[in-house]
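Both complexes shown next keep subunit A, but they swap its partner, so subunit B is in the first and subunit C is in the second.
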Partner chain A sequence: MILPVVFAVVGFVLGPAYDVFRLSFTRFIMGQEVAFGTLVNFKTLLADPMFLQVLRNTAIWILGGTLGCVVLGLALATFLAIESRVTTVLRALILLPWILPDVVTAMAWKWMLHGQVGIVGQTLQALGITERPMSFLGDPNFVMWVLVAVVIWRKVPLITLVLTAAIRNVPSELIEASRIDGANRWETFRYIVMPQIAFPFTAVTVISMIWMTAEFTLPWVMTGGGPANSSQIMSTYIYQQSFEFFNWGVASAMSVVNLLCLAALVTLYLTVMRRSWSRKE
Partner chain B sequence: MTREPIATTLFALCAGVIALYITFPILWLILASFKPASELARLPATILPDEFTLGAYRDLLTAGTQSSQLLDWRRLIANSFFISVTSTVIVVVLASIAGYAFARIPFPGRDLILGGLLVSRMFQGAVLLLPTYRLMVFLGLHDSPWALILIYSAFGLPFATWIITAGLREIPMELEEAAMVDGASRLQTMIRVILPLAVPSLVTAALWHFVGSWAEFAFASILLESPEKKTVTLGLVNFVDYFTLEFNRVGAAAGLVALPILVIFFFGQRYFTRGLLQGAVKG
Partner chain C sequence: MRVTRRHFMSGAAGLAVAGTAPLGLSRPARAASGTIAVWKFGGTPREVEFWAKQNEVFLKANPDVKLEYSYFNGQMRRQKMQAALQTGQIPDVIVGFGQDVPELATFKAIQPLNDLAGDKLAGWQERIVPQILTNGNFDGKLYGLPVYVDMAPFLAYNIDALKEADFDGPPRTWSELRDYAKKLTKPDRPGFAFPATTAPGDINIFESVAYMNGGRVYDPATGKVTLDDRGVVDALQFYVDLVKDLSTPSAASMAETNFRDTAQLFAQGRVAMWIAFSWLNTPWGTPETLNWTGAPFPRPDKPSGGQAPVNALMDSSAILFISASTQNPEAALSYVDFWSQNEQLLMWDGDPEYSRIPAAKAAWDTPELAQKWPSWVEAYKGGTLFAGAEPIPRFVGVTQVETALGAAIQEAILERKSPEQALADAAAAAQQQIDLLK
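Take a look at the complex of A and B:
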């Protein structure tokens, strides 16, 4: 009865993961596999000046995205945890960015950030912050940060909801007791609420790092890694090498690097989870 | 809530800013879809359309216009529906069977396998693009909608199984035991007693899977070549490359792509939240 789902995992996760490992040690000439047991793909990858750029961009992407998500998520959750009809509606509404198709999200932001008539550029100009409308997706120095801002919008809802639930689970006696002891709002938050939600907070932090590592569609549709590769991250680089340049050797070597990142993060996640289980028992 | 006026104002202000932050990007694009292209190019931008028009939508859906000459949107929508619905049916059926086993039949390594399913979900995304593409070419499914149905089903199955298992575990065992005592067979119990009670979790699994399949872009973009086989997400991305300034057309197309999702979102709200609580967060 469980055979189909086990088969799905073996055939579509384990099998492909094995295949990509095998490919990464295979020499390709003109799309033909010619020899196995070579490190040539990894050497090519390391020698490519793009590699460092991709690593740097991926670091901005994962760390910036995760930091933004958890900080903004925590701020939103603190507000949404307040008991009120308004926050009940907002708690439902906030899922909107989460369930919109990535391609639709990409279009919405492309339109807001449009270089000539985009509302964001126009507003900044009207406020006198910039002289001309900025080209948000066309400026190599900014584009990575703009993408991070968009992915935060896309990913923050779920983090917010998890943290909201966690904050609402903090026993109200604890909070009242701290108020009576003379703690102000910040102290209550810092010394009572934060320790109580430490575990879900850590878990969503690691999970959002996993999401960021695997995320492909949003950055690819927004910039395609451009301009001039300035927003190329691991996932978009793999796609470009695989299906635009047909460099399967290099693509699979990069996939292995990405897979190892994922494996490290998943291990970290499982460690966090296990610690919380053993604490509960 | 405190009744102090300053606190109330601050509360309302925060709520307003958050609501605007959540909805503005998509609202702004939908508003653009109702404005003529000339209005979009004009500065300063209008908020509500000066000249409300459904022209961009009409162009998408009627033959012979500039939009529909580039892409046959009715075809794209049909393709996306076919792929998403077929895959959803497959996933819900297979996940219900597996979910029943995980929830009701003890076998060695059960919880380990169930946990493994969740962990496997984390290894997705770009790393699997190339090998999955190779697998589909090997199976002779390149440029076939069945490739996508197979891929979406395989990737969606673990999560659906997880949701349905969690749903089934909430149903008290006593109900089935009572039915069995009354002489019902295992299969009868499954269909008459469990299935009706399991409907909410089946709906949750189905909605999440449909939404995910409808929105998928990466695999569709590498596997579908023929224009008449493409899906709505591919069409939308094609559109923005073509109509870089006529964002009313892009907005209308994005509106069409988002529409089924928005309908499901507004009417299926409680199922979504349910799914989140049951483990969407785990991966």
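Take a look at the complex of A and C:
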């Protein structure tokens, strides 16, 4: 019974992962393998002045996106967990951003945020908030934060729904008991609800980190890494190195670094959160 | 468009000599057999439709040939070809871009046509404009058969806007352009716009301006990236000056507006002039009410680059290659030869397709082209259309150099770095990437 799963994991997960590790120690020229067993790709990566900027942008992307998704998701879930007709309707409507295809979402936001024809900039100007329409995606100072905002809008619905379900599963007796004991709303939320939803909360946080790391379509379609590389993140830079420059060795080395960073981040987070699960047990 | 297109490129006479050899006669393709795979990348909707239709004609003329034809977006050609190289699944015929010739040839994905074509070569030379046919050359050999080219840089301008500002003709020099742009600028309509995203088309447009100034992006003799050449730096300074004059949309806005979007802005009357390839607004159309035309882009007042100024860059974005690994070279050659016939090449004679500069000598004698682009025909017949024109920069590693250049253009116009600094950094970054290829 378990064999098909083993084959699938080996064929579709371990096999490609092994290939990436192997490629990271292989020298390629225009897609042609010329030498194996070299650190040249990692050395090239470290010597690349762009790499530091890519790491910085990626940190903003992953941490900003994850934090935004879970904090906003938790806030929305707390509201949507309240039983009422309005929240019932909203629980369905909130899924709308989630069901749109990635490319459609990216193109729609790209045009809404465009400096000359975008509705967002024009609205801000009409309201007198800005003197002229702003170019949100053309300004290197804004672009990463705008991308983070869009990705939060895109990813938050599912996180909200998962957390809503978790909050609604918290036994009502516990909440009533805390109130009888004199706890206010914040104390009930902090000391009763949060420990009860610690596991799903951890799960969605980890999933968010992985989503952010793997996300490519949204930043690539919206900015292509620009302007002036100010929104170049790991996924887009790996794509550029591998499929535009055909530096597959360097791209693989970057993927390995990416994977190690993500693994370290997730391990650290899980280690910290393990205490919460222990408390619940 | 109205009568204005008749005057398009009225100043094209500044460009130099073209051959006007006698018309070639169409010859039927030699009978061939077997299966050939053909991948076509890019093209306007009219072209894509026509290509598929003419494939049927080819099959009727070659009943023993089976054609496996696939069409792909032009922007994914490098990825598709690289995947094909890795898996050994290169199609027999590739309809790609001229800029790819050095890489495809160097990595032996395509083969020279000189020997393979045999007596067909004379027919190609007879039917195709020689300056356009050279776009298929690399290392002294012919690797591809172009069916048209695009040229840059050109200027599209709103005739009514110019009249309103008391100009009776387009600007001729860079300093005139700055002056025009300032005077044409209104609070809700900048005088001039240039596309400045990292899209290859936007970068190619800038390259054409830099080459016009005697700049070069790469020296094939030394293998050195020359983005910091004076001609390139001054061309970028020219872009920056236009932004500082406040006669363009904001720099941030142009950094997110590619050539298609800039064409839309011009069509909507949101800018008075813009720089483009020879197709200008034709692939997307303009409202009947917009009174516009095109002209050669203004020249630098005094070219400052170290090389000879180039009047225009030619980009052949439909060029037929034959795979080096084809198992059926005769059928592949028949297909290429089929597309060298006037019946096919006249697709680009102004009817139905008028966005391209046709490769067929015969196209330049058709009433359709004369009606659509009278000044092109006049310049061609006067021997000036292709004078001083060169193929677009192409060498192994061109993508790396152009990617670095795209970032440098944005850094300079956004005032994050001076043009000198941005291009020096870009040259260093591109050199590092190019050296990886050695």
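Criterion: the second predicted complex is superposed on the first by the 249 of 281 C-alpha atoms of A that agree within 3 Å, B and C clash if a C-alpha of one lies under 4 Å from a C-alpha of the other, contacts with A are read in each partner's own complex, and residues count from 1 in each chain.
Here, contacts are C-beta pairs under 8 Å (C-beta built on N, C-alpha and C of every residue); 3 or more make two chains touch, one makes a residue touch a chain.
Bear in mind the structure is a predicted one, so any value in this text is a computation, not a measurement.
Enquirer: Between subunit B (first) and subunit C (second), which, if any, makes contact with A:170: first, second, both or neither?
Expert: So A:170 meets neither subunit B nor subunit C here.
Enquirer: Answer with first, second, both or neither: which of subunit B and subunit C does A:221 touch in the superposed model?
Expert: Touch status of A:221: first partner only.
Enquirer: Which partner does A:244 contact after superposing on A: first (subunit B), second (subunit C), both, neither?
Expert: Once the two structures are laid over each other on A, A:244 reaches subunit C alone.
Enquirer: When the two structures are overlaid on chain A, which partner does A:23 contact: first (subunit B), second (subunit C), both, or neither?
Expert: First partner only.
Enquirer: Under the stated touch criterion, which partner chain does A:114 make contact with: subunit B (first), subunit C (second), both, or neither?
Expert: Both partners.
Enquirer: Which one hits more subunit A residues, subunit B or subunit C?
Expert: Looking at subunit A, the partner in contact with more of its residues is B.
Enquirer: Given the touch rule stated above, what does A:50 touch, subunit B (first), subunit C (second), both, or neither?
Expert: second
Enquirer: Considering only touches as defined above, state whether A:255 meets subunit B (first), subunit C (second), both or neither.
Expert: The first partner, subunit B, only.
Enquirer: Contact-wise, after the overlay, does A:124 reach subunit B, subunit C, both or neither (first, second, both, neither)?
Expert: neither
Enquirer: With both complexes superposed on chain A, which partner does A:103 reach: first (subunit B), second (subunit C), both or neither?
Expert: first
Enquirer: Overlap the subunit B and subunit C contact sets on subunit A and report the shared residues.
Expert: In subunit A, positions 110, 114, 117, 243 sit in both the subunit B and subunit C interfaces.
Enquirer: Quick one: which bits of subunit C touch subunit A in the complex? Just the residue numbers, please.
Expert: Checking each residue of subunit C against subunit A gives 78-79, 82, 85-86, 103, 106-107, 197-199, 249-257, 261, 265, 270, 396, 399-400, 403, 406-407, 410-411, 414, 416, 425, 429, 432-433, 436-438.
Enquirer: Could you list, by residue number, the parts of subunit A that touch subunit B in their complex?
Expert: Against subunit B, the touching part of subunit A is residues 1-2, 4-6, 8-9, 11-17, 19-20, 23, 76, 79-80, 82-84, 86-87, 90, 92-97, 99-112, 114, 117, 119, 122, 126, 153, 157-158, 161-162, 165, 203-204, 207, 210, 213-217, 220-221, 234-236, 238-239, 242-243, 248, 251-252, 255, 258-259, 262-263, 265-266, 269-270.
Enquirer: Sort out for me which residues of subunit B touch subunit A in the complex.
Expert: Those in contact with subunit A are residues 1, 11-12, 14-15, 18-19, 21-26, 28-29, 32, 40-41, 43-45, 94-95, 97-98, 100-102, 105, 113, 116-117, 119-120, 122-135, 151, 153-155, 157-158, 161, 211, 214-215, 217-218, 221-222, 233, 236-237, 240, 247, 250-251, 253-254, 257-258, 261, 264-265, 269, 272-273, 276-277, 280-283.
Enquirer: Which positions of subunit A touch subunit C when the two form their complex?
Expert: 29-32, 44, 47-50, 110, 114-117, 132-135, 137-140, 223-229, 240, 243-247, 250
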